[in-house]
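The structure that follows is given in the form of structure tokens.
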Amino acid sequence: MKFGVENLACRRGEVTVLTGVTFEVAAGEALILRAPNGAGKTTLLRCLAGLTPPVSGKLGFSTEDVAYAAHADGLKAQLSVEENLQFWADIFGTRDITPAVETFDLESLLTRRAQDLSAGQKRRLSLSRLMLTGRAIWALDEPTVSLDTENVARFAAAITAHMAAGGSAILATHIDLGLPSARTLDLSPYRAILQDAPSDDPFLDEAFL
Amino acid sequence: MIALLRRDLRLAIRAGGGFGLGLAFFLILVVLVPFGVGPNSDILSRIAPGILWVGALLSCLLSLDRIFQLDYEDGTLDLLATAPLPLEAAATLKALSHWLTTGLPLTIAAPFLGVLLSMPSGATFWLVASLALGTPALSMLGTFGAALTVGLKRGGLLVSLLVLPLYMPTLIFGAEAVRRGAEGLPATTALLFLAAITAGCAALLPFASAAALRMNLR
Amino acid sequence: MSIWEYANPTRFMQTSGKLLPTVAVLSLLCLVIGLIWGFFFTPDDYRQGSTVKIIYLHVPSALMAINAWLMMLVTSLIWLIRRHHVSALAAKAAAPIGLTMTVIALITGAIWGQPMWGTYWAWDPRLTSFLILFLFYLGYMALWAAIENPDTAADLTSVLCLVGSVFALLSRYAVNFWNQGLHQGASLSLDKEENVADVFYLPLLVSIAGFVLLFLALVLLRTRTEIRIRRAGALVARERLS
Amino acid sequence: MPDLGKYADTVLSAYAISIVILIGLVALSVWQSRRALTRLAEIEARRNAAKSR
């Protein structure tokens, strides 16, 4: 699925951190966001996921098509791996959790409670949820944190399969995943402060007394 | 939809879920009152409806900050907000599961605790009826309060401050229904008001709660 | 020219700056005239004796306690619908004034109640309603104080104000149902039959005007303060970004 | 001073307390306003200095 944004401005708290973000991603393509810490990668991803409405600009797709994976794993410690997955499968109306379990090699962990998992195992569980959403656009915030090389490869394979099936992904990551047809987007030129764009904040009005 | 309810109930009864805490608090409160006001059963039976209602209300208050806080902290709330389930429905289900884990047990326990306060037996029906009709409103108002304070570090006390004035009409009609019932006066009017409040809350508050959640997640 | 122009902070600051001294002076004038007239030049009531003089404080403050909340309700709605920052800040500015008015109404009522009813506090429907209103003000202000992001705070307090209004009204009826009360009927109404007599009426009107103007002056002043705080915050955030 | 009769304490205390509270509110509002004004002036000055540099 092809998607894009036009002239997007996003805010974090009170401050507009990004302006004029424009890009387009074709079906089967991945976009990798590069920017220094605090430049607005998370802000942009939250905006794409529909959590933070954009200050201005257009989202050229429905946020209903975006599956968002945040920094936080969003797991319930007291529930087993299977219960966690089944819950999200029910929420997204997916019957079968086996593809997700197989892709991320979770079979042996199914009955284990999430609080007994290692950080990397939690991450895998959290990422496997993406496959349950059935959504075309994956918006991923630092997905490979605390994954070892083997599992990074597993994750890369999952994204590749997703893109081969016509999906697309937008990732904030520092690792080279070796994805086919991946483009990199540097966010630095869109940082609000560098352009000193006219602000939407009426309290910054120059004529203010 | 049912999945969220099932998960919340499961979490409530698993270790650390806090199920029964409100009930225990209710029990302790009712046991403490006779020590405070003396064992005179005349006085106790007169204040029993009020004590039981205030006790139920405070027990409800106890678990409010758990409604969204845990989901907010571990990131589940962000994911729920992007899920196909509308937040309005999520808020309703959260209120429902809160009621099932606090309001319903309280309603069932109240007549037995009424015995401890020598409540007249004629009032038992009114007590159960008023709690059954009134506690859902308490859960829904509490969910709204919890939605308002979800992003805050120490929201627990603030929730009480926000929610208590909202609880006032429910408490008044609820306790009034039991008191009138206990004295053999007609209590149906108060009960009807209570039902109306609960119905109104069910119709409107999910939208307010969902709006507050969206504002907090921004 | 439309009223929405004042929703721009700059416009609001210009206009309110010009308006504020006039309103402040007028309110002081009305308050002094009304209260002195009421205190020195009105006869005692045959039943209540000199305590009747308390109505020149009690009635206006009670009136403003409710009107302040109504104003917050309207400005909250404007913020939610049209997202004018000044509107949200005006609601924030009005809350402490409303709280103060509620406190004055409660205190003067309690002081008056002591000789009249023989007790400072009775769970009379009106007194109880004002106590509940007091709690609403407290909660509203606490929510404003607790949230860091001012826009989120404005959003959430507006929603609270909306829901709170419904429940405040509901409480009013619930409380009536709960206790029929000993409070006297409305002191002021269009129905002249039940009104307080003219000798009390005129100074009361002046004093009410004084309270309304005082409220207005304070809202303007406090809204200006809030706008300045917001501007300072916006500038500092901007500095930190660069 | 009018003759307040046996209720003098009541009336006088009501007036005294109310007026004290009102003056307190006005004083608080004025003080907050002053503080916001000076703080804003400080920041503006810093900003203008940074700009002209």
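Think of it as A, B, C and D in the order they're written, each chain with its own count starting at 1.
The rule we apply is simple: a contact is a pair of C-beta atoms (placed from the backbone, for glycine too) under 8 Å apart; a residue touches a chain by one contact, two chains touch by 3 or more.
Source: prediction; values computed, not measured.
*Asks:* I want to compare two interfaces, A-B and A-C. Which one has more contacting C-beta pairs?
*Replies:* If we tally the C-beta pairs in contact for A-B and A-C, the bigger total goes to A-B.
*Asks:* For chain A and chain B, let me know how many angstrom lie between their CA-based centres, rounded off.
*Replies:* 37
*Asks:* In whole angstrom, what separates the CA-based centres of chain A and chain C?
*Replies:* Centres of chain A and chain C (C-alpha means) sit 48 Å apart.
*Asks:* Taking each chain's centre as the mean position of its Cα atoms, how many Å separate chain B from chain C?
*Replies:* Each chain's C-alpha centroid was found; their separation is 32 Å.
*Asks:* So the centre of each chain is just the mean of its C-alpha atoms; given that, what is the distance between chain A and chain D in Å?
*Replies:* 51
*Asks:* Could you list which residues of chain B touch at least two other chains?
*Replies:* Correct list: 218.
*Asks:* Can you list every touching chain pair?
*Replies:* Taking the chains two at a time, the touching pairs are A-B, A-C, B-C, C-D.
*Asks:* Applying the document's contact rule, which stretches of chain A touch chain C when the two form their complex?
*Replies:* 13-15, 17, 192-193, 201-205, 207-209
*Asks:* Okay, in this complex, where on chain C does chain D touch?
*Replies:* Checking each residue of chain C against chain D gives 35, 39-41, 44, 49-51, 53-54, 57-58, 61, 96-97, 100, 103-104, 107-108, 111-112, 114-115, 214, 218, 221-222, 224-225, 228-229, 231-232, 235-236, 239.
*Asks:* Show me the residue ranges of chain D that touch chain C in the complex, using the header's touch definition.
*Replies:* Per the stated touch rule, the residues are 1-8, 10-11, 13-15, 17-18, 21-22, 25-26, 28-30, 32-33, 36-37, 39-40, 43-44, 46-47.
*Asks:* Flag every residue of chain C that touches chain B in the complex, lowest number first.
*Replies:* Residues 132, 135-136, 138-139, 142-143, 146-147, 152, 155-156, 159-160, 162-164, 166-168, 170-171, 173-175, 177-178.
*Asks:* Of all residues in chain B, which touch chain A in the complex?
*Replies:* 2-4, 6-7, 10-11, 14-17, 74-76, 78-85, 217-218
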